[in-house]
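Read through the structures below before going on.
Two complexes follow with subunit A in common, the first pairing it with subunit B and the second with subunit C.
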Partner chain A sequence: MSASTLAPPALAGVLPQRLEADAPAVATAGLSKRYGARTALEDVDLTVPDGAVYLLAGANGAGKTSLLRILQELARPTAGSARVLGIDPAADGAAVRAQTGYVPERHDVPYGTLRVGRLVTHHAAHYASWDAAYAAHLMARLEIEPEPRFAELSKGQARRVQLLLALAHRPRLLLLDEPTDGLDPLVRDMVLELLAEHLADHPATVLVSTHLVGEVDRLADHVGVLTRGHLLTQISRAELHRLLRRYHFEAPEDGTAADAGALHVLHRTNGGAERAWTVWGAEAEVVAHLTAAGCRVRQVEPLRLEEAAVALLRAGRGRP
Partner chain B sequence: MLIHIDPAEDRPIYQQIMDEVQRARVMGTLPPDGALPSVRQLAGELRVNPNTVQQAYRELEREGAVYVKRGQGTFAAALEGSAGARRRLLAEVAGRALRDAHRHGFSADELAEAVRAANPERPRRARRHA
Partner chain C sequence: MSTLSAAPPRKQGGAGQPETATAATPSIRTVLRRQLALIAHTRGRAMFTFVLMGGLAILLMPETLFDAQSTTLAAGFILGGVWALGVWSGEAPSERVYHRMLPVGRRRHDLLRVLAGLGWLLAMLAVVYTVGGTRLMTSWHPEHVAQAGGVWQIVPGRYWINLLTAPLTTYLAVSAFAVAVERPGLWMVLTLGASLGLLRLAEFLELGPLRAVLHFLLAGPHGLGEALVGTVGYVPIIGGQTPPDRWLYAALAWLALAALGVILSSRVYRDVR
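Now for the complex of A and B:
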């Protein structure tokens, strides 16, 4: 059994990079961010359709956090522009932040010396749409104690407070940077339930960045893959499901298998005559190609979101 | 009615929800005029996007499997020709088994024969603590 990776140079031209959306909740154009010699984002055209749950997948350091920060004017882009809920954050960051619930990647906030209860009151004062009854409900549900000082909380406790702060003003946009980071499995499951209910009660657009793709598998309806500051692809879940599939087949006796050049193979596992290739393309065309090459296709299956993200990230790593 | 989904499956989640509702109708665990869970409730239970549940319910309504009462919720429609619905469900089960058989290199005939052999006239009882 051997596994090999192949990143065809043509792949970048095949993967869709643009999402069509009327009045998207978030749209960036040519967005770049450099910190000195280091490039965090390079020419990113992100489109988050209104009402979508958009999963931004990427390795640590891929630029996810920089992107979310720029969208709220917590950082300034080096080049390019953004529109968030129809507003240019560079022109009116406060207006964007007022309508956005943000769970930052870091587990610290300003005023960390405040007790949690005070911190929540302080935060509430900034939002006209703060729903005190909902905040109380979330506190109970997330088992948040008002007494301890925020800076003294564990990672998981701090995360729960940050979720409360992000949700309780029922924002039109949620920017969640690794929202389940540090949560134990039980709390994580409860947070996912809470998010699903929140979206049913208070429809919002969600842009969630995570390296734990499997966790938000059931919630996401759009996916973007960020590798080393480049947006490799962005696509609806349905299209991804249709176009990225794993083909189980038997190669012909002479072992030559199909001419891979014409197929966009993201990953191949070969075990003797048995092959499992992850291929980008319409199923009928891929099967026709393999069959014409003398292969016997046994099974075609779509990938789980996590597998798809890994396949794309792996392919993206091969880019020059 | 219990709705079970598996994101690892090859059917999209909204399709799985639709199939589960149809299954419950055919099996009678969702009787005619029985209420479906609210979008919020089901989305929360399954940890799925409420839009996905909404989509499944919309498609079910379009197919005439459920109907919506404004402000009250979604309800199961009367089952017209339950024999037809059972046949459709069986065709799906057979399709899944057949795909698995093909993957293992077996033909439809071989599968059918094996199913008959595995399930003789009188079901064998498991022997307990012989």
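Now for the complex of A and C:
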């Protein structure tokens, strides 16, 4: 059995790169970021619809963190523009941050000697909408103790404190950069459950960046795939579910396969006559094409979000 | 067959919900109070050590308060400079993720941190000078103090002010570096070294104009040296002479220049890592 990933030249034109939204929570236009000779982002047009949970998938170093930092005015774009909740972060970053809950990629806070309770008090004073009762509830749910100094916390404990700080002022927008990084499986599950509860009780737009796509499978309703600083595609989950599927079929007995060039095949696994191809396109058209080529389609299955993201990431890399 | 489960149902329209966050940002007063509290909570040990060392220095060498120019100059540099570095310890411009993610304008936030640090520096100096200094002056020269009716009568306020200008000027100058550059201590030393090196070079090569400019800036009647040392050594009680008024102008000018440096450096934008 052999497996390969194809990156058809026409794929870039096939994958949807624009999302329509009347008043998007986040919109970037031609956003680029360079650090010296290294390009972190290149001409990114990101659209996060209001109320969406947008999963930004990408490998390490794909530019996810740079993008989120620009949205918080922690970094400035080299070119292009961004609007967050209708505000340009470069013009009024404070107003953006007042309505945003941000979990940064880094776990550390420079005030290692500060007790957790004091850090929460300090943080709370900056937000008019800070909900002390909800903060207390989150502290209990996340099992956060106020007494330890921040430097004494483990990576996972520090992450939980960061989540508390991001959620307790009930922001309109959540920017989560690898939010489950450093958490053990039990806590990770609890945190994701808490996020789902938070969104049910306090509706917000979420832009979550992760390379562990499977973890946010249950939350995301939109997906963007960032690869090497380029936004390969962005699409609603329903559309992704409809258009990206795996086709199990038997190739003709003479060993010839369907003409892959006519299909947008992202990944193929060949095992004798048995084939399993991940193909982009309407199911009816793909099945018709395979059947016309003498193949017997045995099963068509949608992909899990993680599988879909991996297939797209591989295609974006163009790696066989 | 499908394993691509639908996202859980939830309310839509996050931006329109009344209970969610507003764009209101905290007032200057709130941010300043928080910065004062933050410094107290995170640099408390350093502040305690600062006051303790200052008190001990005066206890062991009371003449450093008014009499020894070089010692006072050094103390001013060390106290103000070290404190400025301490206020931003662990928070180089590219490391200020937490500081920068709060809903406060970047420049305003930086300036308020510097101001809060300045407030604590004044408070610490006040403790050292008033509690330590006056008590020791009283015990060191009891006959003078008794004769004059109190330490404030024999040491006028202007002399006390000058004891503040050296550390405050140094604090603001180093803060200007700390706000904008990754290694402020190194940059400060390099700047001072380069200035002194240039002065020496200008003297050695007899570069008149350059030497004149540097001499004016560093050692002239309104130079940095005058601003930092000022009235030190002139206090009548210790047998000094009445100082010329120029120190006050020099001190104010350099203090203003250092403050301007902080304001300008806050305009420097750096990405966080």
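Everything below uses one rule, namely that the second predicted complex is superposed on the first by the 316 of 320 C-alpha atoms of A that agree within 3 Å, B and C clash if a C-alpha of one lies under 4 Å from a C-alpha of the other, contacts with A are read in each partner's own complex, and residues count from 1 in each chain.
Methods note: a residue touches a chain if its C-beta (ideal position, glycine included) is under 8 Å from a C-beta of that chain, and two chains touch if they have at least 3 such contacts.
Only a predicted model underlies this, so the values are computations on that prediction, with no experimental measurement involved.
Colleague: When the two structures are overlaid on chain A, which partner does A:200 contact: first (subunit B), second (subunit C), both, or neither?
Modeller: Both partners, subunit B and subunit C.
Colleague: If you stack the two complexes on chain A, which partner ends up touching A:248: first (subunit B), second (subunit C), both, or neither?
Modeller: first
Colleague: Should A:266 be classified as contacting the first partner (subunit B), the second (subunit C), both, or neither?
Modeller: In the superposed model, A:266 contacts neither subunit B nor subunit C.
Colleague: Should A:116 be classified as contacting the first partner (subunit B), the second (subunit C), both, or neither?
Modeller: neither
Colleague: May I ask you to decide whether A:192 touches subunit B, subunit C, both, or neither, giving the answer as first, second, both or neither?
Modeller: The first partner, subunit B, only.
Colleague: Looking at the overlay, what does A:315 touch: subunit B (first), subunit C (second), both, or neither?
Modeller: neither
Colleague: Would you mind checking which one, subunit B or subunit C, touches more residues on subunit A?
Modeller: C
Colleague: One more residue to check, A:301. First (subunit B), second (subunit C), both or neither?
Modeller: both
Colleague: Looking at A:218 after the superposition, I want to know if it touches subunit B, subunit C, both of them or none. Which is it: first, second, both, neither?
Modeller: The answer is both, since A:218 touches subunit B and subunit C.
Colleague: Does the superposition put A:62 against subunit B (first), subunit C (second), both, or neither?
Modeller: After superposition on chain A, A:62 lies in contact with neither partner.
Colleague: Enumerate the residues of subunit A that count as touching subunit B in its complex and touching subunit C in the other.
Modeller: In the superposed arrangement, which is not itself an observed complex, subunit A uses residues 51, 53, 196, 199-200, 203, 217-221, 237, 241, 299, 301-302, 304-305 for both subunit B and subunit C.
Colleague: Which stretch or stretches of subunit A touch subunit C in the complex?
Modeller: Per the stated touch rule, the residues are 23, 25, 35, 50-51, 53, 69, 72-76, 85, 87, 93-95, 97-100, 102, 104, 106, 109-115, 118, 122-123, 125-129, 169-173, 196, 199-200, 202-205, 217-221, 237, 240-241, 299-305, 308.
Colleague: Considering the complex alone, what residue numbers of subunit B touch subunit A?
Modeller: Against subunit A, the touching part of subunit B is residues 5, 7-8, 10, 12-13, 38-40, 43-52, 99, 102-105.
Colleague: So in the complex, the part of subunit C that touches subunit A is made up of which residues?
Modeller: 1-8, 10-17, 19-26, 30-31, 33-34, 37-38, 41-42, 44-45, 89-91, 95-106, 108, 269, 271-272
Colleague: Going by the contact rule at the top, pick out the subunit A residues touching subunit B in the complex.
Modeller: 51, 53, 189, 192-194, 196-197, 199-201, 203, 217-221, 237-238, 241, 248, 298-299, 301-302, 304-305
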